[in-house]
Amino acid sequence: MNLNKHLNLVRLSRREVVAGLALLPFAAAARAEAPKKGGNLRVAILGGGSSDTMDAHGSISVPDTARVLALYEGLVQLDPDGKVVNALAESLEANSNATEWTVRLKPGLKFHNGKTVTAEDVAFSYRRVANPEAPFAGASALKPLDLANLKVMDERTIRFPASAPYAAFPDLISASHLFSIVPVGYDPKAPVGTGAFQYKEFTPGEQGVFTRFDGYWREDEPNLDSITIIGSFADATAAFNALQGGEIDVFASAPLALVNQVGEGGPMKKLVSKPGQWTPFVMRVDHPPFDNPDVRMAFRLIVDRQQIIDLAFSGYAAIGADVFSPADSCYDSAWKRGRDIEQAKALLKKAGQENLVVELVTSDIAAGAVQSAQVFAQQAKDAGVTVNVKQVTPDVFFGEQYTKWPFAQDIWYYAPFMGQVVQSSLEGAPYNETHWNDPEYTRLYNEAQATPDAAKRCEIVRAMQKIDFERGGYIIPAFNQGVDLMAANVEGFKPAATGIPLGNFGFRMAWMV
Amino acid sequence: MHQGLLFSLIARRLLLGLVTLLLVSVVVFVATQYLPGDAAQAVLGRSATPERLEALRKQLNLGDPALVQYWRWLCGLMAGDPGLSLANQKPILPQIMPRIVNSLTLLLITALVAVPLAIAAGLLAAFRKDSRVDNAMTVTALGLAAAPEFVVAIGLIALFSTVVFHWLPPVSMVPPGSSLLERPRILVLPVLTLTILVFPYIFRMIRASMIEVLDSDYIEMARLKGLPRGRLILVHALPNAMGPALQVIALTFAYLAGGVVVVEYVFGFPGIGQGLINAVSTRDIPTIQLTVLLLAAFYVSVNLVADVVTVLITPKLRTSAWRR
Amino acid sequence: MAALNALRARIGWVGLVLAGLVVAIALLGPFMAPHAPEAFVGAPFQPPNAAMPLGGDVLGRDVLSRVLTGGYRTLGLAAVATLLGVAVGAILGMAAGFFRGAADETIMRLLDVALAFPQTIFALLFLSILGSEPWLTALVVAAIHAPQVARVARAGALRIAAEDFVRHAEAIGMSPLRILVTEILPNISVPLLVELGLRYTYSIALIAGLSFLGLGQQPPAPDWGLMINENRIGMASNPWPVLVPVTLIAVLTIGTNLFTDALSRSTAAAGEGQTTEVR
């Protein structure tokens, strides 16, 4: 409790200083607070355990992702609004039919061990991700590439040939935590990357300490001296308690029941992300009764989306209209869907499925997920549909039945539309949980990949979204906002639309007052 | 004569104990084969595509037949190496050692607090037999004995942490790098919970045993002889009363092998009970086996000690007491 | 002495009344609940108000309704498990005590091994592996009770079997089964009943505890043990969804214990008649 008092004092005195400065002519400029350098940020993240890893390409849990985003970077990344921007790459250019990408690195990039980043390192990294003997999660997005024929043009230039047109390549590698650039001969036991922080120590299930990298290419970053990522908290109450007691500075991705206990202006504050993560209800379009598009539409019409947001997500979500990737530059904001019980009943009757009984499988995979399933089950009663919610533990959920349940939930971070399609909506996609295999949709996808012009590609993408909207297998009631809790003196984290906590784990931008 | 009987008793109980432990390991291993999903699935979680599962399964030798896996584990254990955790392929023992130490610390402190407290209370109740104090204490003990562990734990949390007072932390978090003993406040509620669990049985046993001893002819005679009260109690009554009580004390602590799991769960205490819960959720079969085996060994050996102590103390003291 | 017995009896009555109150709430509650236990009435962890006298739970459901409907399943399952365990234990114990010899040896060795297992840990392990179906839970809990009950039954059977009237029945050729049922069983019924009461308390505690750990009833079912766990996180906002079930379970187990203890004392033939076993 002493630290909290201290924080209050600090806050007051800063206010006094700023108030004093207001009298000076350059007050306005002074008010744009300059980041203070130094300090060790202690961050609690749940979801880790004994299988924690520091591998640049092997992140599975949220704490893994935090570590990877602190230490490594990719060619491109997602900015806070969910747009794809260059990171280590200076430029990415496609040839006229998108069968070849030429990537040029920024000059003067250094690894933590002082070595310069070259095109050879890029080649090594991508081959490592896609290694057929031990593929990592990013491998599925690299399938269209012909990695055997990667061509290093010079120190900073590399050419990626593709066996099929691949116009959306930058979109597909935008999940930068899966496509980190590492030096040739990378060993996960001695992690080396290009990120703002470098490896100091790490114990799985306990904590990792990472110190600032002075050779980081963004010159005014990072601000902190070090970050400590603590993964040993047993549950959210423990982490919340530690934050209250001043033992940690940040609690990433706090459950909403705890968030609601934090008032405004106190020693703790909230960082509310932009809507990004989504926990849809997934219908298998090849399994009765969901093989009938009328039934799918009926289910979508049953949902009272605002009620789910209010009850399951405490208001921390934006309404969804069953089409994914709302932050994509090609997303059509005209997609809207409300509740229509009469129409739902009529559709069910037409399909011969009145008084339908289904099982919805859910698990505690994200804040509010189980609750949204329970709320949906309640709502379904209004249309005469009985939904039996079956809650299983996460390890069973992601076990052998995962992507095979006829009707279940899931969790997705934000991905640009094409990236999402590659993951979930093509035959053979690694997470094709709706078992989607629509010929028109696939034709449109191939056409989009063969269209290097962004505007023309958007038109095709919108046509695909229309199919999703009208007969897809996803029910997306909302896009969730994650809430991180932190001490009042922590600054710099920006709300991001990626669904990844702490502004896409933007540690390089953070500072402590 | 006594020595021979004693040795044969200990030997037989030891043998039974070892057989039990072997059976425990077999039963646990068989049970874990029925866990839905395997360690590779648990590690990879959502990222478990068929190719990655294949690769990891090969790495973890999960494809070998069950009997082979069990035999390999058993041989390793005999050689003192319980193997690698399936979750991170690092040796198990260094990972669970801190947890074992934490749980033992918890049990030790509970013993140091609960046993003297219960003995003192039992003695008090015995001396003031059937008085208001005695009745109040007996009824309280009855009540405490009945309440389930998690009810006691939550009740204490509500009382001291969340609802009524805010004196103590509701969870027992040990930041990495520091040890339990540096942060004694987090121990208070778990120890209090375990004390409440253990207290009633020891209290009742001491009380009953002491009452019996105080009523006995031997003590009556000593009193008539004019022995001062203090000496009477300390030197003659107490040792006789302790005998039967020691068995109950030991048995109560054996029972804690199970109770500690629930208490650690409620308080998030980084002990071996929590380690077991984690190991089950990650399907880390070698860790599950070792943890259950350790808990069972604790339970079995404490029971063994209790039985042996009973045999040792009771006839010897009884005979010597009557002959004095 | 008489005053003492009266006092003990009074405590027993107090225990019975307390336990009875909770049982009444559990059994009659479902008919008195103002809302359906799974209906959403207000905001999550809303403090008590007109619509929800005990406030809202983690999903904004009425705590009072969930409390009223959350007891009878646990009580019923505990009763079934206890009856099963006592029945099996009694049969095994009587067989061992009456037939003696090889049957006795085998049964007692098996029970020794069963008792040597740390029982709660195995309950946790089996249920978390095999799932938490009610019948499985009943079986596991019954299996925990049976060995101890068998010991009590065996001790009683040994004692009774040595009596003259039993020897007489054997001599006139009465079938062993008939002897067991008509001669032995009635005479050990009192200690068995006491065991039944004690074990019922323990069954409730164990089953509620398993629900608390997530190994019992699954959400969204209203269940006292489950409610205690799923509402823990909001105790600072609204403590009632945790405190009310906690109090009910505590009152029920304490009351039953007080009553059975008084019962065992008053029926004990000699001495203080208390059980020294530790669960």
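Note that the chains are named A, B and C in the order they appear, and that numbering of residues resets to 1 at the start of each chain.
Quick note on the criterion: a residue touches a chain if its C-beta (ideal position, glycine included) is under 8 Å from a C-beta of that chain, and two chains touch if they have at least 3 such contacts.
A quick note: this is a predicted structure, and the numbers were derived from the prediction, not measured.
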item	value
Pair of chains joined by more contacts [C-beta pairs], B-C or A-C	B-C
Chain of greatest Cα-centre distance to chain C	A
Length of the line joining the C-alpha centres of chain A and chain B, rounded to whole Å	44
CA centroid of chain A to CA centroid of chain C, Å	48
Centroid distance [mean C-alpha coordinates] between chain C and chain B, Å	22
Overlap residues in chain C, where contacts from two or more other chains coincide	232, 236
Chain B residues counted as touching two or more neighbouring chains	170
Touching two or more other chains - residue numbers and ranges from chain A	237
Chain C partner contacts - residues on chain A that touch it in the complex	236-237, 255-258, 260-261, 307, 310-312, 314, 370-371, 374-375, 377-378, 389-391
List of chain B residues in touch with chain A within their complex	36-37, 41-49, 51-52, 55, 85, 87-88, 90, 95, 169-177, 268-270, 274, 278, 281-284
Complex contacts: residues of chain C adjacent to chain A	38-40, 43-45, 58-60, 218-220, 232-234, 236-237
Contact footprint of chain B on chain A as seen in their complex	49-53, 60-61, 132-137, 139-140, 203-207, 230, 232-235, 237-239, 241-242, 245, 247, 393-396, 398-400, 402, 411, 430
In the complex with chain B, residue positions of chain C that touch it	4, 7, 11, 112-113, 116-122, 124-126, 128-130, 201, 204-206, 208-209, 212-213, 225, 228, 232, 235-236, 239, 242-243, 246, 249-250, 253-254, 256-258, 261, 272, 274, 276-279
